[in-house]
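Here come two complexes built around chain A, the first alongside chain B, the second alongside chain C.
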Partner chain A sequence: MSEPILSINQLYTSFRVDGETIPAVEGIDLSLYPGEIVGLVGESGSGKSVTSLSVMQLLDETPGEVTGGEVLFQGQDLLKFTDRQKRKVRGNDISMIFQEPMTSLNPVLKIGKQLVEAIREHQRISQTDARKHAIHMLNQVGIPRSEAIMNEYPHQLSGGMRQRVMIAMAMSCDPKVLIADEPTTALDVTIQAQILDVMRNMRDQHNTSILFITHDLGVIAEMCDRVAVMYSGRIVEQGSVYEIFENPKHPYTKGLLGSIPKLGAKEDRLDSIQGQVPTVEDRPKGCKFANRCPFVMDHCWEEEPPLFDGKNRCWLHEREEATE
Partner chain B sequence: MLKYSVKRILGMIPLLFVISLIAFMFVHLIPGDPARLIAGTDATIEEIENIREKYGLDQPLYKQYMDYMGNLFQGDLGQSIVTGRPVLDMLVERFGPTLRLTLASMAWALLFGLLIGVISAVKRNKWPDHLSMFFAVSGVSIPSFWLGLMMIQLFSVQLGWFPTGGIGGIETYILPSFTLGAGVAAIIARFTRSSLMDVLKEDYIRTGRSKGLTEFKVINRHAVRNALIPVVTMSGLQFGFLLSGSIITETIFSWPGLGRLLINSITARDYPVIQSEILLFSLEFLLINLLVDLLYGFLNPKIRYEEGS
Partner chain C sequence: MKEPLLQVDGLKKHFVSQKGFRKSSKQVVKAVDGVSFDINPGETFGLVGESGCGKSTTGRMIMQMLEATEGTITFDGERLDQLSGKALKKARKDFQMIFQDPYASLNPRMTVRDIIAEPLIVHEMETSNGIDRRVYELLDTVGLPRKVAERYPHEFSGGQRQRIGIARALAVKPKLIIADEPVSALDVSIQSQVLNLLKDLQDEFDLTYLFIAHDLSVVDFISDRIGVMYLGKLVEIGDRDSIIQNPQHPYTKALLSAVPVPDPRAKRERIVLEGDLPSPSNPPSGCPFHTRCPFAWDRCVNETPELQTAETTGHTAACHLLDEL
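And now, the complex of A and B:
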């Protein structure tokens, strides 16, 4: 395979709340190759959004801070960039869409103005050409009456339409990487399918790599080439979509798969995962999943498993390897 | 937008009637015999009877109200008991100075209030914020009579830069408008700060940053206009208060405005004047409310479109 376009190495991000440090992401490794869609899946609170905001370097406004690791974009560490260099990357080389289409657009500015602004921030083109390009982008994401919509305000559009606008805006400078943080979670199922279609089209036409964040494995199966499963600020399992769905190794992944309603599901699968994601203070010392794991062993409580083979963070897997 | 404006203006008509009724009732709501009140404590029975007749107080209430409204429509607000002059003339005369002082004060207040508010929201919890909020708290808590007297002491008596009072050229406006504007500036500053800090947490601000915009553009294009929406309402309200004339500031600076007229007529129990000032102040608030709503619609497209159509 070619060089990764984006590679996150040993990323650590934490928040300072009332003088205490809360580690939200602890040592993530993740690569994204050109034209690839990688899913990042995990329950709410596992650190998916924090990971994406760390890549975009948009943690400033929260008391969040990347405390270690590197984020290489085309071989250069974004974490070492100056503010000016970071701004040149944002929206131009790497862009992002968010979970809440209803609130992600500025309510007092016309759609056209918001699109043109994104285009002209990074490209030296005239207002007229920028408008033309904006309309072209709206057409690409399947918005009917694109010219009329340029003069409308966000509240005049449905959630699905707004998310299309967000995609058009994010794609308007032809970025190499698109980060989509739960782009369809707030939408109903039919609209969700349409938005996924638009994103796949975008990938096909522009060869954009997409980091697709969701808590819904069903969406992953539909969209992604590879998957990374996140839990408590770490990746607990990763592999191709085929590997993860056909042969999940980590009990957490199995649990997540078990919680997808599926006809003829195997008997030995979990119905859903017991309990809840532990808060940072309550995280077990060893494997972070130990307190919810149906296969937990004494050793799991004491020592955190490494990512065996770069794929799976579970002591059971080590035993399998040894016996094989 | 036009439709919305027309709707709003038509909606004012019933309110105007209620206000006229309240102003009319003012004299009658004061406990005791209005004729006796107007005539004063040492009036003879005859004098009281004269007054009763002169002001139509011997007529039934509904008839009095009809007459009152009839006169109102002809621009006749009655005569001052003290000076005997038409009340309308007195109000017109006093309105100009108060309006001009209000405008000057609002100019200060908006300039400093918005500037300080935006700076402290952007630099929150850093020294510019602490300094700004120190001024804002001072502005709210320093009584205007004290501020006014201090300014006269420093700038008029000691330095001799500005006159101690009275109305005239632009130099006579500086001290009273600053005294009056300081409190409003402080209120606007604090309001702008909290409004902008709320807006800066919004998702679309993050969207702006994710496009690669500079912080200046994010604040200038995306945050400030949204943050101003509630500030407009609050400033309008303050404007309304100032337009009623500040009794304290006008008295300190011998300003011939509505505030001083009000305090003088209250002291002299000049009921027709007090009654008409109530009417005027209500009308002012109503109009300002309308203006604020229209401005609100202009700033907030959601209102403009949904309620307008």
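And now, the complex of A and C:
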């Protein structure tokens, strides 16, 4: 097995609000191998987006701070990089696309100018060549009349087109890792299908590794090779997409899968998870899922389970292993 | 055969926007362009479509929050579009709405008690002693503890706020509830709780729902019948199972095939639609879907297809190639 291109080891990130420290990510381990699409799934507040921002080191503008761990990219710890080194990596070796393409594009600059700027930041090529490359990238993501679009402003494009432009920009320097944070959440399903196709083609052609962050389990099943499920700042279960969907072990993963209505299933009721995600102050001392778990045991309230085999954070799993 | 509770016939909403210097040129946006359907008592009718198809505008016209440009709305034997003033206020008691955004639809300066009590006071349904009892009863019904009555909306999560919104809608014992994307702002584990709750309430209080949403899996779960909208028109309408298992209109087929299925082994025969939704201010001639339809031919460009019953399935779709595809 090859080396991971990106590995996140024991990452801790917290936010300082009114003098208090609020933990958002607490000890995440996750690896991304070349050409692989890994899904990071969780509900709001689970820490999935904070994980991606920590990797990209985009927390400077926020009260958030990485307080521990390392993020190794090709063996080097990104967290120890100087600003200059960071700039060299970001957008070049690792790029990111966000949920809302309108807020990630500059509204007063033409599409072409923004693309050329991104390309020339990392590659020493002429304006003309950069322009050619930009048009080539727009064609690759399936934008019709790409040359005309170079001279248009973001507001003139539809949501789907803007997201294509973002992908073209993110892929323009042929990154090794692409971090996609809810890239299709704001889009209609028929447009989402187009964008997912574009992303899959990009992976197939360039062997890009993708960290795909979403709350949509349908999208995960369709896109990902491996999946990590987050809850309350932790990974509670991870495995191949088949393990997670066909044989989920953690009660939270099971509950999440039971919660989604399945097309054509003619279900009368959904197996929902009771209660709601606890706020940081209300998180149980032991397992963070204890207050919502249908299988909760005394032990769960006392001590937090480790990630057994690196796969599943649940005491039931330990018991299963013992009986096997 | 029972009379339908709601009959919508030829409903249109054309927004006129004035453009240019001195607002000299007019542009007409046909948000809803001739929509007709019935909803029977006790039934859930799901209205589904992508953004801009006119599904919310349709809901708002039925709610009498927007005036229809054309068409009739008959509710419980009464022409809602002709009512006004006191008569309309009286009728409103029987149809209530649940909104998409649980953050924007509750007044932040009112307590939960006042929010739920307001419709009771407006419709003079309870004496002041009765109001408290009714508010507690409603909180029990939607699964919130009674002690929340004194709290304010900001203290609640999205799912709890949606429960407050549901309690408010139920307060006046309506016959019809129009729910416009009631779960799309919620996390999946909370979404499933609210969907289950809506089903339970329907059984308990014999409610009729008009359920408006973009998420086909959700609409499939909750509906008895489904109408699919595209660019202001209903393109297909019929029983839930018939629509989901045997879609007839090419747009419905594409929409269904685009829904991501939570099964990594699912075989996908995806129909990927080319291009974007055309603008409703400049809709295509003939069939509104012809610009993206993989089967479009001459007739589709020139002639708008009417809804007609498919021989194979018995439900209706608006396509020139019905029963031929």
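What we mean here is this: the second predicted complex is superposed on the first by the 316 of 324 C-alpha atoms of A that agree within 3 Å, B and C clash if a C-alpha of one lies under 4 Å from a C-alpha of the other, contacts with A are read in each partner's own complex, and residues count from 1 in each chain.
Convention: a residue touches a chain if its C-beta (ideal position, glycine included) is under 8 Å from a C-beta of that chain, and two chains touch if they have at least 3 such contacts.
Fair warning: this is a prediction, and the values are worked out from it, not measured in the lab.
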| said: Which partner chains sit in contact with A:R87 here, chain B, chain C, both or neither? Use first/second/both/neither. | reply: first
| task | Go through the superposed model and pick first if A:M56 touches only chain B, second if only chain C, both, or neither. | result | first
| said: Between chain B and chain C, whom does A:D197 touch in the aligned arrangement: first, second, both, or neither? | reply: second
| note | The answer to whether chain B or chain C touches more of chain A is C
| query | Is A:S44 contacted by the first partner chain B, the second partner chain C, both or neither? | reply | second
| request: Give one of first, second, both or neither to describe whether A:T103 is in contact with chain B, with chain C, with both, or with none. | output: first
| request: Report for A:A24: first if it touches chain B alone, second if chain C alone, otherwise both or neither. | output: neither
| query | Which residues of chain C touch chain A in the complex? | reply | 50-51, 157, 159-160, 187-193, 195-196, 199, 214, 216-218, 220-221, 241, 244-245, 254-266, 268, 270, 272-273, 275-277
| note | Within the complex, chain C is touched by chain A residues 43-44, 144, 158, 160-161, 188-194, 196-197, 215-222, 241-242, 245-246, 255-274, 276-277
| remark: Within their complex, chain B touches chain A through residues 200-214, 221-222, 225-226, 229, 299-302, 305-306
| task | Under the touch definition given earlier, write down the residues of chain A that touch chain B in their complex. | result | 56, 58, 61, 87-92, 95-96, 98, 100, 103-109, 117-118, 121-122, 153, 155-156, 166, 169-170
